[in-house]
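Pasting the structures here.
Both complexes below contain subunit A, partnered by subunit B and then by subunit C.
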Partner chain A sequence: MNTAATVAGGKTDAGVIDTIARKELVELLRDSRFWWTGGIILLLMLIALFLGWRQMQRVDGEHAAARAVTYQQWLDQGDKNPHQAAHFGQYAFKPVSPLAFVDPGIDQFVGSTVWVEAHKQNEFNFRPARDATSLQRFGELTMAFVLQILAPLVIVLLGFSAFTGERERGTLRQLLSIGVKPTQLLVGKGLAIIAAVGALLLPVALLGFIALGFVDDQHADAKNLYLRSTWLILGYAIYLTGFIALALGVSAASSSSRKALIGLLAFWVVNGFIAPRAMTDLARIVSPTPTKVEFQNGLNEARKATFGHDETHPAFAAFRDEVFKKYNVTRIEDLPVSFRGLTLRKDDENGYRIYDEHYGALWAIYARQERIRAIAGFAFPLAALRPFSMGLAGTDTFHQNRFATAAELYRRQIQTAMSEDLIQHHKNGDNNYVSNRRLWEQIPALEHKIPEARTAIAEQGLNLGILSAWMFGAIAFAVTATRRLRPL
Partner chain B sequence: MLQASELTKAYNGVVALNKLNLTVNSGEIFCLLGANGAGKTTTINLFLNFVTPTAGRALVNGIDVSAEPLEVKRHIAYIPETVMLYPSLSGLENLNYFTTLALGHKRPEHELLKLLAEAGLAKEAAFKRVSGYSKGMRQKVGIAIAMAKNAKALLLDEPTSGLDPQAANEFSKLLDRLKADGVAILMATHDLFLAKQVGTRVGIMQRGILVSTMTTDDLGHADLERIYLDIASCTDAGGAPPRTGEAEQRTEQLPSAMQGAVAGQKEAR
Partner chain C sequence: MHTSLYLKEIFNFERSLFRADRLDFFVALILVAAVGYAFVNGQSWINKQQQAVHAAQTEESVRLQELKDKLARIDAGGLAPAKAFENPVNAYWVGNRHAASYAVLPPTAFAATAIGQSDLNPPYVKVSSDNKESFALNEEIENPGNLLIGNFDLAFVVVFLLPLLIIALSYNVLSAEHEQGTLAVTMTNPVPLWVLIAGKLGFRAALVFSLTAGMTVICLLAIGTDLSTMDSLVRLGWWMLLLLAYILFWLTLAAAVNVLAKSSAQNALMLTGLWIVILLVLPSFISIAVNVAYPVPSRVAMVGQIRAAQTDANQESDATVARFEQEHPEMTAKPLAKADDVAAIRKRVLVQQAAAGRISQIMAGYDRQLARQQRVVDSLRFLSPAIVMQEALNAVAGTDNSRYRHLSEQVDAFHREWQAFFLPKVLENTPLTLEDYQHFPRFVYAGPAVSETNMRLLGGLLGLVVPIAVLYLFSLRRIRDYPITA
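Let's turn to the complex of A and B:
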């Protein structure tokens, strides 16, 4: 439809739509219900913004302090054998994403700290949800919650009677009798609701942008954050626009305001509360994850093929023979390099392959589950918006795994450095070899940058596509329902 | 200007309007009389394209209503039995809204106030929200909306329902003015007095059939009332509405005087 097209009577679509939108907005602004609901939503968003910001700053501050302490402890561990130093280890703290104040995502549930030590790739610890009171199990007030759950409710309340109200009042007859096209009504009413919802959300979005300016850019540069924020806003705009179209479409298709409200509330409940849980259960059934015990048992079983510190292990003997052959010796004492260093390096390398395989398989299951959940987004958009929002905020499984990978690489960097030091400097048979701070200082503190915005966007391409498809579907439904609109 | 040709509307096989043939010329007021369910409002709705005809055509200024509904709406204005407006807007704002939508441009406020005054709404009331209006006041805004459009044809569905006698009288004068300006007016009404007072011609409908058409000049008010009541009494005894194909048969149950009128209508076809 060409919005600038001239129609009968010298009227333009744009002019008619503008008139309708302005009138709708005036009506809305004169309706005390709008001010009440809008005021409450605005207040909740400001509270969520403040609480989210404060929580993010607190956790980030704690992590920064702990990160400094744990690295200082590493440096100050004193003279010792490098392999003992590898066992001494360090804590690695996942940096808090500056956009976590919008959507804290899975951070609460998966932990943010991992113990980096010799031989083992550890699980994350210190999950805030574990320390939460029972009241917090009901969920926290976050910007994401307000935008994902409460904002659609406001749209439902603003839009359910858009057409049924006109029909029930009798004004629809009046409008259609003067040649107003139903689609013009749809666009005009849609624009009015967009303007009203935008008036509520824009100040908060602006505050959020301003707040980002105060973020310590240690983990992400400003360009990355602003780009992520822009895409985040785009995702929410698609979601809320779809809801506006849906509300108007249902109103146009319903025979009464009551039926429209019931239908829309039912959708809101299923979208916000039932579908996400049902899809999570379905994903678990289709692509089950092993329990923690099963996973650990699998890892332990696989690790039995490696020798660790067990000199009676057949693999140990095989490796020793291989080393002897390489250096053309028959005794460890005759080796020009540290045999202990070589075995530690070899054992680590064997372990890396096993960890990569097992964690890779586990993460592949998580990714498959997320794709299954996302499919529901074609009908219930929150299933696609939620991972999109967490992804852009940097608080989803992808970002968690990126940090887990970075922490594991850091662990391997320590292992390799310690083993190499042994290989180069340890004399076979010398049980008192120690290294010192100079070696520890060769290991820099773990600095993890949040991935570039384009990486996160690419990762969320499927969810964005599903979300967009849903929005266009909702618009198509609204247009179809409105074209069938009859005044009687 | 307004023309119905074999215009028929049936709902689920029940005929609401049966082969209506009717012409309302410019400068003419045609009043449709009949009991509830006689087909008056269906006729209006067909001209407005609110419902689609089962058969036949409704033409406005020679344009088929079903084929070019938007083009047709340039030429017509409509006042329903109860003019419904937006309660949170004032009468002036409502008029401004509907006028802007109808014409595609805003008319100056003084012009709108003049139209409201001509429709009989006091100036101070024009600025008050419609939520506080009586039915009669809303009706006056509806009249102003119709006048603002300067339409060639006016469709009125029980327009004086709820108006006080003074307002109804002013409305009659307004219709006279519009008639003099060459507007073709089709008015569905129960008000025999109004029909006799302002109508050029009167048609009496019974169960979807225009059973009688007469010019008001030839008719006294008492005659009109007698004919109308004869038809109404026949309607009351008629039972269920006719199904498709039954309607013409039913007309034979009418009093003999009315059968002549029907025959006249058939001849006209």
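Let's turn to the complex of A and C:
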């Protein structure tokens, strides 16, 4: 360190950087452009937080009310055959992640409810975006949008003329002539921008943290949320630091401020708007989503192997023989347990495997599409940051599928309980057997907690890696470009 | 010299400048690549949708043929179905399940130009004699992450990317001349400044418009669009008008910024800032503000209400059946199958009909709320020309919400027709014959009246023309104060 410490006006390495950073920061703070853009960004973030919070509270309230209604309807369905009750079923409503006010992710584009009924694993219905106007497609004003799209632009504006400006004013030659090393300039300027952007963003992050204290902890405990938020902040810090390095690097490598600005804006457009769409197209080509008809046909074909209520089905006869053999009887009437209950349980178990397989395959396609999209993150970091942000906020496809799995397990819990009741209590040949509220009450209301923070972090590890690789790449580029800095 | 001659002169001069910088080549390269790629993408989306429609229709015709074959065998005495559910003469199960028919929305000739809302609304609805809520809101399968990001279609190129290209070409249209000192020299000619700027911007308009429009027509022909029908000519006409207006809007905006006499760098920043406001901030702000002020009615609550209506109808089922039997004593006889089955199915239909009234009321209430929100957005869209343009391009492509509402109205009508065909037969317990199978209702989509689309698009065009006029007048006023020399 000491050997590298260059004397510039008698100062150490750290001293030089400190001086540069202070000077740059003062200059930034005196620049009306910073106050304008910073003020607008701050205002937008506050609006986004406020509106996001309102929106989240409203949707969460609606879902909580609907959950209570569907469960009450289940309890109040009256005396009936348990299998009829299974057909009546319940609706499962997707819980709103408490961090959705920061990044609502796919919430608008995914069905909010699923009918939990006998025999079938249904798909989620009612995507809010379908009911929304086409405005939705322009995106929503959220914290995530401000941080992913607008904040990098502010950085570009603050950094594009960092070196080219010095050169155009002739001050770069002076600086280098008094022994300031280009990398010292880079670090000093970088620290100044980090301080300025940090001063803008950290208070908002703090506000977000405070808001978390008011979140109803129905779906996640406080520790989970604070951990997730901390990682979120880390992810955005990496993204924005990378942008700062990139802006400085491009400024160092460019021959004029104009070229630096155009280059950076072009990158910003590709990163924010073109790459995500192009990668989505690529993902669709490489790993096409099946159409609903294809998916349903596949399921229907597979389900032909199961007998359902069809007593002429060969599998039905085979199962009957198997049961007879097990209980050593030759007629249904002689069975000590309900044959109807046994067939329902058996049929359900056959169905579970089919549904696991088909939904598993569908979700694997989604996951592959996400991975393909994320590859672009090595060059265009939004491709890695967006999924990271949604993942940590609990609003991505992974979390949606976790809930879908929970709803399906709940369905199976109902099916099993209803069939077991038949097996235990229904007398063969009795067509009037009914159960009552006591059985319905044995099924607790569906509660879902969002997965622990570490699950989400593990799931997003690759994206975090890509994002970090991009940031280090950007820093390396900035260092290389600065070392080759031409004073004239 | 006459103004038009000056304009021609400036035009030619700009062309030479662009040639010298090879700028015309780069602009052409970007536009050809972007438009071409967007078309490939749009067309592959249409293909996928059409494949889905085709698969659905094949599935339906196979299903129907199986039923007919089965019925023919029964008529010939070769088959006796075990259960009412499997019997092709049973009007209840045939109308409710086995013969359920797809109502298909055909794509317009311009569908590939704007994917719009077509990735959220499936182009086919499987209509049965069951109540509306069982099918009307079904959705296509898609990775929500894909839906969130959106599509690279021609509308995206035009609405998002074209303005950036225009900004890049014209942010310094006056300021550069001013900064290089060439403006003073140019102005020694007896040419008014507004003619100079009009000529320069006019050249850019001509370049961008002719390349985009030309490439669009080439691509439309390449994907096999029939441009000879009246419908596609009208759409093409609107598309061209809108494109021209949108290009002119961004160019007049560039002019308005240029006449403020700031530096080129400041112009670039200001125009980029305006792009962000018009394309990102305003739409997303309006979107979320509308959602908070006029929330989309919660489908989640609707689910519970529909279910309550069904439960009520079920609980009153005995009374409903009793009333029916009292009113239609003639229908209690002539059982088609086992008397138990007949009674059970009749009860189902009566309960269903009792619930239908309430459910359609609930759903209509939601539709009214949605329509109110749509009206609010319809008027707020004029705040941002980008929203106006996106909505208008979706309307030209037939992928806007209004077309899906139109489909849904027609599906409702078809559903009523379908129920009117099957349900009386169920209640009367009349068996279906092969003759009946020939007369099952079929859905044929009738597009909205041209005048309706035209009115919508005219509104959109005005939403672009008015800002153009305002910017034009503003520029014309401010240009008088433009300092020719530094």
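Operating definition for what follows: the second predicted complex is superposed on the first by the 478 of 488 C-alpha atoms of A that agree within 3 Å, B and C clash if a C-alpha of one lies under 4 Å from a C-alpha of the other, contacts with A are read in each partner's own complex, and residues count from 1 in each chain.
In this text, a residue touches a chain if its C-beta (ideal position, glycine included) is under 8 Å from a C-beta of that chain, and two chains touch if they have at least 3 such contacts.
Source: prediction; values computed, not measured.
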Using the superposition on chain A described above, determine whether A:444 touches subunit B (first), subunit C (second), both, or neither.
neither
With the two complexes superposed on chain A, say which partner A:336 touches: subunit B (first), subunit C (second), both, or neither.
neither
Using the touch definition from the top, say if A:179 reaches subunit B (first), subunit C (second), both or neither.
first
So in the superposed three-chain picture, is A:396 touching just subunit B, just subunit C, both, or none of them (first/second/both/neither)?
second
On subunit A, which partner's contacts cover more residues, subunit B's or subunit C's?
C
Scan A:26 for contacts with subunit B and subunit C and give back first, second, both or neither.
first
List the residues of subunit A that touch subunit B in one complex and subunit C in the other.
none
Could you list, by residue number, the parts of subunit A that touch subunit C in their complex?
33, 44, 47-48, 51-52, 54-55, 58-59, 62-63, 65-66, 69-70, 73, 76-78, 91, 93, 105-106, 108-113, 123, 125-142, 145, 149-150, 153, 157, 257-258, 261-262, 265, 269, 273-274, 276-278, 280-281, 283-285, 288-295, 297, 312, 362, 365-366, 369-370, 373, 387, 396-397, 400
Which residues of subunit A touch subunit B in their complex?
7-12, 15-16, 19-20, 23, 26-27, 30-31, 169-171, 173-181, 486-488
In the complex with subunit A, residue positions of subunit B that touch it:
45, 48, 50-51, 69-71, 73-74, 76-78, 80, 82-86, 88-89, 93, 97-98, 100-105, 142, 145, 149, 155
Per the touch rule, the subunit C residues reaching subunit A in their complex are 41, 44, 48, 51-52, 55-56, 59, 82, 116-117, 120-122, 137-152, 156, 160-161, 164, 168, 264-265, 268-269, 272, 276, 279-281, 283-292, 295-301, 303-304, 307-308, 311, 315, 370, 373-374, 377, 381, 386-387, 390-391, 394, 400-401
